Amino acid sequence: MSPMKLCVPGDKLCSTEDCIPGTGVYLRHGYIYSSLAGYVLRKNEGEELPVISVVRETETQLLPDVGAIVTCKVTSINPRFAKVHILYVGSTPLKDRFRGTIRKEDVRATEKDKVETYKSFRPGDIVLAKVISLGDVQSNYLLTTAENELGVVVAHSEAGAQMVPISWCEMQCPRTHAKEFRKVARVQPEYLQA
Amino acid sequence: MEECGDTNITLREFGCEQSLLSRPDGSSSFMQGDTSVLAGVYGPAEVKVSKEIYDRATLEVVIQPKVGLSSVRERLQEQSVRETCEAALLASLHPRSSLTLVLQLLHDDGSLLSCYLNAACMALMDAGLPMSCLFCGVTCAVNAEGQIITDPSAAQEKESRALMTFAVESTEHRVIMSSTRGSFSVHELQQCIAVSQKASEKIFQFYRDSVRRRYSKIL
Amino acid sequence: MAAGFKTAEPLEYHRSFLKENCRPDGRELAEFRTTTLNIGSISTADGSALVKVGNTTVICGIKAELTNPTVEAPSKGYIVPNVDLPPLCSSRFRPGPPGEQAQAASQFIADVIESSDVIQTEDLCIERGKLCWVLYCDIMCLDYDGNLLDACIIALLAALKNTQLPEVTIKPEACTPEVNLEKRNGLLIHKHPVGTSFCVFDNSILIVDPTAEEEGLSSAHFTVVTDEGDRLCSVHKPGGTALSGEKLQECISRATARQREIQKLIDKVIQSVKAAE
Amino acid sequence: MATVQVSEAEKVYILHGIRDDLRVDGRSCEDYRHMEIETDVVSNTDGSAKVTLGHTVVLVGIKAEIGKPRPMVPDEGYLEFFVDCSANATPEFEGRGGEELGTELSNTLYKVFNNKRSLDMKSLCISPGEHCWLLYVDVLLLQCDGNLYDAISIAVKAALFNTKIPRVHISADDEGGKEIELSDDPYDCVRINVENVPCIVTLCKVGHRHVVDATLQEKACSVASLIISVTHKGTVTCVRKVGGGSLDPESIFEMTEAGKRVGKALHAPLMKLLQQEESLGKKRQKVGFLG
Amino acid sequence: MAGLELLSDQGYRLDGRKATELRKVQARMGVFSQADGSAYIEQGNTKALAVVYGPHEVRGSRSRTLHDRAVINCQYSMATFSTAERKRRPHGDRKSAEMSLHLKQTFEAAVMTQLYPRSQIDIYVKILQSDGGNYSVCVNAATLAVIDAGIPMRDYVCACTVGFVDETPLADLCYAEEGGGGSSLALALLPRGGQIALLQMDAMTACKGVSKVLDEVVRQHLQDVSVLTRE
Amino acid sequence: MPTDNKRVRRPEVSQSPSVFACRPAAVLPAAGPRADGRRRDQVDVRPVFVRCGLVSQAKGSAYIEAGNSKLMCCVYGPRETDRKDETDMKCGRLITDMRFAPFSCPERGSWIQGSEEKDLSLMLQESLRPAVCLHRYPRSQVEVNVMVLENSGSVLSHAITCASLALADAGIEMYDLVLGCSIRQDGASYMVDPTYLEENGCSSGSEDNQGRLTVAFLPSLNQISGLQSDGEMAEETLTAGVRTCIEGCYKLYPVIQQALAKATRKAAPPPSES
């Protein structure tokens, strides 16, 4: 292919007959226009028409949307829900903080009603969660940790040392060997080597 | 106010009274010669969501001048007092809460910033807040001939060439806060720090006496 | 996952670098970011300068206006500095009246001007008791990446050296002054104060010229302002963890070296601007 | 502007109506709603007017004061506009809510009058460099049902027509300063020539056609609207695109041409009505809000 | 204004009224269609416009919601051209904040707020032209607007101002008499029940028996006001 | 000016020296070449210097210099909206703020935003809003801050161009770039991209057809997103002016495209042929 073509927002790329619009483009009067300043990428995915999209090297994911895995830091907990700041969407760090809420009933899949939030999270923990809804006018993003891969990833003990997960609901402090309750995430294999 | 040559450093007559206001959780009034300040501490109380810090208490300092609105000068003093208190306070014991320190100036006759600091320390103590160390404010003025005067009055401050205020902590007498005006040499700076550290022992002794006097009434 | 470590545990991330006496952007502990200076870029201002210390960009514009002096100081003009942190320079500043950091910076710059007497306010007086200059020094941060105070002082000093005031003559009979905009003469700069800011990590490690991130994580930060005669104009440490005497001495010697450096840079840029004219 | 929520179905209904040149209240695309104008409704002012355009009610009061002319134009008086969006119109405007819209409206009025021809400013000058007449034009928005710009501009023109500025005599007092006396006879006054004062026409682009004097519902389903202020001779003193959408150049030219035509046709009946009301003089029965 | 003779010896005032005579009152309800209730009133040269929205959901901070009754929210503002001297800002100064508070207190006493818990009633009053007695004209206008909005009230609220010129009480002061330096008293009354909603006295210096004044003059004149506004 | 206690105290009243300067008010030469050599009645835009990505803290930034006019724009977001209402649920919100530095104009401006700046901010918002795909950023807001460092004429048009560049540099999805162009109508002839003197100078020539016009234009979609004019003009002159502005925007388009392409290329090499 010729060296990657660069485009600016508003450039007419091609007509809808010869490509299917991907990300970073929009449709108008039967033509595909670019909506980002970046490189034009044509990928053939099986069907007859290639998928055209415009790619920028920096983060493509600007906003946490429904179903995205987000990394967040717990800021405050009360019996009904835990408040968190969303730091990451997928692997792209967010420059500005977005606030999220994990309700008591979304903490884990099993025995939803017997959940105590202070036994699942503590302020300062780093948690992997999934966005279930954008929330309504008052509340902000609604998150859930009701899957095995979701939950606390990094937690500090009372003594301040980083704790080691020993079961899905307990973590141990290496220095004081004190056990603390957390809703622990089963760490994914590809993260283990980090 | 002899010059620093001999060991004894004279400070003006100090006066302090604690928990004299009923509404705040801790309060104190501090007099250094004619300069007097009233301090009140509210907290740990509920914090606004926008100001909330997840692992520490949020400290807010408000300085009310004697007359008129607080201007840019008070803002710089507020910043100095706030960061000095944050250094002494164990804020992580009260996470997600707010502490408000209000300093009301009653009369200014020199060494104003150190009077603010002393009043703040006494008020924090009176409020029973956990602190890693005490701190006190000492002001030194370098007059035309280069002599160092501790705890200067307003008149002495006006004709001094340089004015330095230090906050000294009680454990190892190191400098927490320094705010200076006028130009001076490095040697003069080191001399003033030494003088302030010596003066701080006298002030901490004064702290102990006034606290002992207060609790002797109760026990 | 490494990128995650930086945002999830920023303090640990920085400590790991400081252990090896270097910093995430590759600088030594006592090394400054590259400082560039550009003078006289704003033609509508009487004097202007733009300073970039690493990413931190500050522009200072000076406009001179005429007013009558106060009753108590009839032979003195005014110099009114003002630091503004617009929402443009960083996402942490909201639009609206200046916040505490902007006001504290403005007061600090005013104190530095007064203590270092970089210019004599007597030079600003045109007619004793009747007419004098007021210099509005408007300092604006365009990109906030830490170490604001140093950049402001350098920008102010360079802009003052670049200021050209129009000539004003007062005719005895007509009470209104006569301003000749073409004929301009510069300001007399007595002293060259230069600021050096330090940050303290975990009460022990001392780093110079902190970035915004390092400032946020440090336990104390303070600024030393020295002039060419090695006299100290300001030692401004608003608080934070305590500092011992020797560390203070170490910082002061680093500050005097920095002062030489900056003075050379300013003079070099002024020469190149004069040569270009 | 106070926005009203309109459902999709209503939007489609309004859109189709306008395409066939028939609006919800039966008007054609370039018809105004019923308009009532009355001058001299507030006695504390030097000139006032109340305009009711459909349900939009605007009250304008003009007070003349003697001030110092601006240094750049020492031989001219000037106008000061202030638009007060009172909470009476909608609860949203309570407290500081109405300030943003008020500033936008007053800035547009400044632009409309920012030329040499609309008002003869030189006649407002008493003595160049020292004294001149300063007209405070205060607009009070009492009820807001769309098309504020037109109602306000017509009210301002009527109020200017109704303004009576007391005649001024300048006599030199003893130490050479100028002494200003106002004639105390209420009828010995100077009137302002409002012949050239422009009127604003707001054209609202709905679908492919543009509509004049749009109600709130029509504005809710419009892409963008164009404000054009036209004098009786058809010259344009201010054009401004308002609203979040974009327009292609052809439709802008079409709208400016239509705006000029409608604006020009507005002035004659307005002046006739004002002169007629003026001629009634004392016999006129003041109605105000009681009517 | 010592020179001006407020009360001529034959008992006539500046504008030809007798001591206890009210100014000409004209009122109209239902002036605006968009508001829930609206009213316009002219008492002599003082003209006021009142608008009522509600009862509707509490806007702004939820914390103000009262669980057992409605919140009355008032805003008093004067048109910038309403007074002889142009006012720079319509509201937001101390005077209008005080007036808003008085209106709020007056109508919290009169409106049956317990019928509308956790809701809010907005009463906005605009003075179009001010010639004295602003407070009483506002109360009368607001009463008509609340009635027009169909909100149940315990009783009409009628207000009147009374001033004293060397001992003889003058009802319904105009601007000149208000500034005349004598003391003045503003009274908001629920006539049928005879209760006083709000009483405001300023500069009440040499005043023998306030109750004498109240019983003899004010009550009788307030009957006239309520008769007038009933139609 | 009420005493502003949030800034260092200043003398109550002070006049600019130009008030006492003895030079005649700037009068526009009726005909002949313009002060900086450009010709009248020609689409003669000042040479434009553009740079993207200057501010490290901002998501996207741009700096533009046209003649002596210097402007800088930064874009933050999409961020959480602090003021929530139901319209935010479906599409995002565009917030613009345009300010003049106090030293940017011959007369010193104040720090507090005047009504003229509020008007320019509103005009900027209405010009950019059609070009930004706000429905892609529900429940959030995009902040555009423009700072005028030096005002040497047609500030609004260059602010529009600079802001749309900063938005593109920030990776915010847009239907098209937005270019601004302004003209000063002086009697029969017009001047494109007028300088500060040409914009504010009063004309010595004929009285009618005096006015200023600013157009914001979407070049590839051929749509006008912003239009503002004042002063008195005939309707034909106005429409001719709009056409001239559109031509001016087309002349500016390649420079802007090239600047944006350079910034994107500098930001990262083209992705590998995955």
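Read from first to last, the chains carry the letters A, B, C, D, E and F; within each, the first residue is number 1.
The definition used in the following text is that a contact is a pair of C-beta atoms (placed from the backbone, for glycine too) under 8 Å apart; a residue touches a chain by one contact, two chains touch by 3 or more.
These numbers were taken from a predicted model, which means no experiment stands behind them.
List every chain that touches both chain B and chain F.
Per touch definition, common to chain B and chain F: A, C.
Give the identifier of the chain nearest to the protein's overall CA centre, each chain being represented by its own CA mean.
Answer for the innermost chain: F.
Relative to chain A, which chain's C-alpha centre is the most remote?
Max centre-to-centre separation from chain A belongs to E.
Of every pair of chains, which is linked by the largest number of C-beta contacts?
By number of C-beta pairs in contact, the leading chain pair is C-F.
With chain centres taken as the means of their Cα atoms, state the distance from chain A to chain E in Å.
It comes to 60 Å between the two C-alpha centres.
Could you tell me the distance, in whole angstrom, between the mean C-alpha positions of chain D and chain E?
A distance of 32 Å separates the two centres.
Can you check how far apart chain A and chain F are, centre to centre, with Cα atoms defining each centre and the answer in Å?
Computed value for the inter-centroid distance: 37 Å.
Compute the distance, rounded to whole Å, between the mean C-alpha positions of chain A and chain D.
Chain A and chain D have C-alpha centres separated by 54 Å.
Residues of chain D that touch two or more other chains: which are they?
none
Quick check on chain C: which residues sit in contact with 2+ other chains?
Chain C, residues with two or more chain partners: 91, 103, 106-107, 110.
Kindly provide every pair of chains that touch.
Pairs satisfying the touch definition: A-B, A-C, A-F, B-C, B-F, C-F, D-E, D-F.
Which of the residues in chain D come into contact with chain E in the complex?
Listed in rising order, the residues are 42-45, 48, 55, 57, 59, 61-63, 65, 82, 84, 86-91, 94-95, 136, 138, 140, 142-145, 288-290.
Would you tell me which residues of chain F are touching chain B in their complex?
5-9
With touch defined as at the start, can you tell me which chain B residues reach chain C in the complex?
Against chain C, the touching part of chain B is residues 72-73, 75-76, 78-87, 162, 164, 167, 169, 172, 174-186, 189-190, 193.
Taking the complex as given, what residues does chain D use to touch chain F?
71-72, 103-104, 106-107, 111-112, 114-118, 224, 226, 231, 234-249, 252-253, 256-257, 260
Would you mind writing out the residues of chain F in touch with chain D in their complex?
19, 25, 115-116, 118-119, 122, 126, 129-131, 207-208, 210-211, 213, 218, 221-235, 238-239, 242-243, 246
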